[in-house]
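Reviewing the structure listed below.
Letters A, B, C and D mark the chains in the order given here, with residues in each chain numbered from 1 onward.
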C-alpha cells in the first residue's frame, strides 16, 4: 500500500509498464474548474518517450482519456479518473529479465517484498508509472494558475559535471522548452546534449540535477509541524524514480555559512513584508513566506545501460547481463515535467488544506 | 493541521515552548512491549538543553511522564500518552519578540498563516516541539531493537567546513557519545567543538551535516510508489527545524558518476543476495534491500544570534534587533538524537505496515 | 472528497451513470492472491440490472476489465484497477431532469454543494456507483474465504410489512439465491415478490430490511475506540444509497430488555471461550468475539416512482413531475450483493490491520 | 490503532480508567477561536458521575486542564491538548476482575486481541474514555455556534418501554436539562426516573433510545460517496460504548411506507428551496439539505449489574460473579452530552472539509 498521495487533493495512481494501461484517480478536486483532455495531453507529451535523440527511441503516444468527474468541460467535484492505455507490447523482449535481478533496479526488492513481480519492463517500478502523476499534475497546474496566479518552472541545472548558469528570476518557460535537454542556459544546453549523446553512444548513462522555482506562491502554505512545505515537497521528489537527494534554498551550501550571513532580514517593499535576501528559499518554519520557493533534486545515472554487468539470477547463479532495447541514457529531460507535476500536486494540496477564509483562521 | 506523523505507528505531538507542557500520543503501538519511563528519559536526556558549553546554557530537566497505554510495564495496545511539563518560565524575557519578526525564524509565517502567534519563545515553532518526537522515538527504538535486531546511529559528520572521517561500518555508539559534539571521529571532534565555541563567543551561529546509518534493516520496507522509504525518511528529516537538504547513498555526488560505475552489482554472499557495492544506500526502488541504509541531512546555521540584525516590527517599522538570552550556537549536537528518533519512527511505521506474514504477501 | 474507503485495503471508486465508465482502484491488496476477471464478474452479475421482473428492466452487461495489479492470475501487491465501461446511453432521456430537483433524490444537494451537477441519470449519486464497491468486494471475499475461512451472507429479511422467518444458523447461500428477491424463507419469498410486483404495477416503490451474518469471523477484529467493528460496518452500510438505519445483535430491540437477560454469559465449549447466547451479535467492546456477527440494514422506498409528484425547478417554479423510464420498484434484491461486498470490505480491512503475528501483540 | 477520529478536525483520545489520566489532542482546530477551560468544564460536568441518584454514585470532579494550542484565550491553530487527571483510585477494588471475563464487557475481546489487558475498571474500554470526546466536543460546539449558528440537542427519548412525546421543533435545551434523566417530556421524565430507580434497587440495568436534532445546519455538508453525513454520524454513534443501532429520519419505520408517501417534495418557502416534509431527516444523497437533521441511537442495558451471573475465568473455570461497587443502572442520562459531542465533532469536521469559498466549488 502506498499508491496514494495528498490529503485534500488526493491522487491514487495505478498501472504497470505492460498491463492494460496506467492511470490516476483524483479525489478532492473542487467543482467548477474548466479542464480538457488537451490540457492533460499537453503535459503528457512533454514526458513522452521518443521526443528527441537524447531520450529513449521508443514511440509511445500515451493518449489520455478523461473517464469521470468532468461534465460539459467542467469538474463536478466527484472523483476524476484518467486513463492511458498501454500499447500491445511484445513482453517477450523482456523474457530474459524474468529470472535475474538487474543491478540498481527494483527487481530484487519487489520480489523479496511481494514474493513475485511483474517482470515485464519493470512492472510497477517502471517510470511509466509517472504518467498518472503528470496527468493529475496538469489539473493541479490549472488550479494554481487560475486561482493563485502561481507558476512552477522546473529545468535541468546540471548534467554530469556540466553546470548551467541560471538566472532564477529572469528565466522563462520558453527558454526551458527551447532545447531538448530542457536547460534554460543557451550556452550549457548544447554541451549537455553533446555529453548525453556521447554517453548514449558509449552505451552508458548519466544523471544530473533538476532545479525548480515556484513564482508568486501564496503566503501561508505548509502545515506545521510534520506537513511542512519542505517536508511534503521532499517526500514528493524522493518518491520519484532515480532521485537521490533534495535541497531547499542554499541547501547543503548553507552549512558553510554563519547565521549572521545566512539569515534573511525582513524588509518592507511596496508596503509588503518581504525578505531582503532569500537564502531560505521561500519557506520559513515550513510555511511559505511569499518569496519564490526554490529547490534542487539530484538524479542518479539511469540504471539500464548497454554494458555488460555482473549480476545474479533468481536461482543465485552469477551471470553477465547486457541490456537490450531502447532506454533513456539520461532521465532528466523527461523528468522536468514530472518534477513540475509533483511540485504542483503538493502546492495544490496545501492550497486546498488552507481554504478557510483568511488562511487557517476564523475572521475576527 | 499537521501535528501527526505515520500511518501504522502514528504519533501526534502537541505543545509550545511556554505553555502547560509538551507531549505526544502514539496510536498503533502493538501490545506486549516492555517499556519504562527510564528508557524514554534516557533519550530525552540526550536532547536536553544545558548538556555542555557548546549547547544552550538553559537548564531544563524535561521529565517524561507516561500517562496511558502501559500497564505493569508493558504496552497494552491502546494509545500511549507521554507528557513533559514546562518549567514556569519568565515569558517576560520574550516581551520584545511580541511585536517584531526575527529574521529566518517562523514568527512572520506563523502570524500570516494563523492571524496570531504564541510569541513566547517561538511557540509551536520552538525546537522544544521535538521532545514529543524523541519520546515516541524511544519506543520505536525499543521495538526495532527487540523485534528486528536493527540499530540506527546518527552522528555529526560536518560542522561548518570541518569534515569528519567516518568509517560507517566500524563506528560505534560509544564513539559518538564520547564527545559533546557527537562526532565519532576523535580527530575532528575537538576541532568542531573549538569552532562552535569560537562562533558562540562571537555571538554567531553555525550549521553542519548529520549522517545516519541503519544497520541490519529488514528486507522489504518501503511502500511504492509514493511511500518509498527514501520518500518517508526525507519527509521526516525535512519536517525538523533548521533542515535544508537530505541525500541518500551517494546523493548529489552520484550526479558526477556514470551508470556503469554507480550501479550496484548483485552478488551472493553466504548464500544471501547482497550487493557488491552499496552506492544506493540500502534502498532500491524505494524498498530496503537488506544493505545498510545511510543518508545525510544538512542543517542551516541557527537563526538566533547575538548580532545586531535589521528587521521590521508588526507595524512595519524597521528596527535593529539583538537577541538576548541563551541559545544554541549550533543545533547539531542536540539534533543527533532527534534525527535518530525520526529515523526510527519511519522504520517502525514501515515495519508495522509490513507485518503480513512473509512481508506483504500471502503465504503460498 | 470522500471517494475512498478503508485504511489497509483502501478502495477509491470513480464514475458516473453516463460518463466514460465506472471503476475502482484498490490500494493495499497483498500480493499472492489468485484472482480472475470471472470471479469479479460473478458478483457484478448479481447486482446487474435486468435480472428479473422485480428489478429495473434496463439491460446492462457491466463487463469488468482488470487493468493492473494482477500478473499471471495472481495479485502483485501493487494497485489493482478495475473498470466497467458505460454503454453509450441516450442521455436525452434525462433532459427533463436537467432543470428540476427530483423529490428525495440527491439532485438538489449535489447542486447546492458543488454549484453544478451531472444530471444524466443521477450522475455520481446513481446506484451505478456501487459497481466499483462490488468489484472490490469480490477480491475481499476471495481473501476472507481463502485466508480466514469466513463466509458473509446477506439476504432480504423484510419487504414492506412482509417479514421472513430466518434461521440464521442453517440458512444457505443457495436458499438466498434460489429466488429473485434473495430471501431464504421459501414461504415469504413469493409473497415479497408478489408485493413488489403489485407496487411496481401501481408505479410506486417500496423498501425493506436486509440482514447479514458473518460466519466464522476471526477473533479480535475491530480497533478501539473509534474504529470499532460496529462503527466501521455502520459507516459502510450508511454510505450506501437509500439506507436509513443499521442495528447490531438485538439492536433497537435490546432497549426493552434488562442487563440480567441481555448479557451474554461466557461458557467453555470444546475448550474454547464462547458465549452462551449471542445477543451482542458477535461484537463486544467493538471487537469480534468469535461468535457469528449479525446486523440489519433498513432501506427506504426507492425515490423514483411513476407517480405525479410536486417539485420545483432550478428557477424556483413549482411543477408536476412523473418519472419516465425503467427503474427498480425495490432496490433490495440487487442491494444484497452490495451489502455483502461492503461487509467484506470492512472485514478484510480490519483483517489486514490486524496482521501482526498473534493479532495486535508482539509474541512473548 | 483506532484512537483517532475526523479528517479536518482530528481528535486523538487517550487514557484508561485507572492510569495517569485521560485526554485528547485536537489537530486541525483553526486559529482565532476564543475558548476557555470553563466552557470545556461545563460539558464535562454534564457527563460527570455522581450527578443524581439514577447515575453512578462515584464522585469524580474531572477537572479539565488546557495544555496547549490556546494563547491569551484564543486558539493558535496548533494542536490543542486537554487532560483530566485520574483520582488515585483503589484499583484493589477491581482485583477480582483480573482473572475473569465479565459478561458483555470487553474484558475477553481486549485480552484475546492484545494478549493482555488493563483490568482496572475496564481499562481503555471504560466509559471514562469518552471524557476526551466531550472535551473536544465543547470546542466543536463553540465553532458551530459561533460560525454557523447551528444548535445540536440530544435528549432521552425512551427508557426501557417508556416513550417520551417529543416535539422536535419546540423542545428546548432547558427542558432537557430540567430533569436528571434529560428527557424534555415533562410527563415521561418522572416515569423514566422512577423506572431507573426501581431497576437500580433490583440490582439490574436498563437501556433506551437517545434522539438528536441539529437545528439550522449549513447546506452542503457530507462528502459522497463514502463520507456521507449519515455514514460519518453513524460511525460516530456506533463507536460509543453500549450503542446497538442508529437510524436517520424515519429510519426503520420508512420500511413500512411507499415511495409516494415517503418522498419529500421540494417547495419554495420565503424564496428558499425547502422540503414540504422532512422524512429524510435533513440528509439527501448523504448531504445536508438545510432541513433539521435528526436521528436516534439505541443503547443496550448496562453490562454491569448486581446480579449473580455465570461466567468463566481466564483459566476456563466456570464461576458465579456479582459486581460490587457503584455503577450506572442506565447510561443514557450521562450519554446525552456524549451523543451531542460526537454529533458536533462530525459536523465541525465536515464544516471544515467544506471551507472552499461557496462550499466545494470555485467561484465562477
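One rule holds for everything that comes next: a contact is a pair of C-beta atoms (placed from the backbone, for glycine too) under 8 Å apart; a residue touches a chain by one contact, two chains touch by 3 or more.
A quick note: this is a predicted structure, and the numbers were derived from the prediction, not measured.
Peer 1: Pick the pair with more C-beta contacts: B-D or A-D?
Peer 2: B-D
Peer 1: Centre to centre, using CA atoms, which chain is the farthest one from chain A?
Peer 2: Comparing chain centres, D lies farthest from chain A.
Peer 1: Averaged over CA atoms, how far is the centre of chain C from the centre of chain D? Could you give it in whole Å?
Peer 2: 26
Peer 1: Using mean CA coordinates as chain centres, what's the chain B-chain D distance in Å?
Peer 2: Centres of chain B and chain D (C-alpha means) sit 39 Å apart.
Peer 1: Between chain A and chain D, what is the gap in Å from one C-alpha centre to the other?
Peer 2: Spacing between the chain centres: roughly 45 Å.
Peer 1: Can you list the residues of chain A that touch 2 or more other chains?
Peer 2: Within chain A, the residues that touch at least two other chains are 1-4, 13, 31-32, 77-78, 113-116, 124, 224, 360-361, 364.
Peer 1: Residues of chain C touching chain B in their complex?
Peer 2: 30-33, 77-78, 143, 146-147, 224, 352, 355-357, 360-364
Peer 1: Looking at the complex, which residues from chain A come into contact with chain B?
Peer 2: Within the complex, chain A touches chain B at residues 1-5, 13, 101, 103-106, 108-110, 112-116, 124-125, 129, 158, 160-161, 199, 204-209, 219-220, 222-228, 230-239, 241, 243-252, 254-260, 262-268, 271, 273, 275-276, 279-280, 284-290, 298-305, 307, 309-312, 316, 318, 353-354, 358-361, 364.
Peer 1: Which stretch or stretches of chain B touch chain D in the complex?
Peer 2: Those residues of chain B that touch chain D are 1-4, 8, 10, 12-16, 19-23, 25, 27-28, 31-32, 65-69, 71-72, 74, 76-81, 83, 113-118, 120, 123-124.
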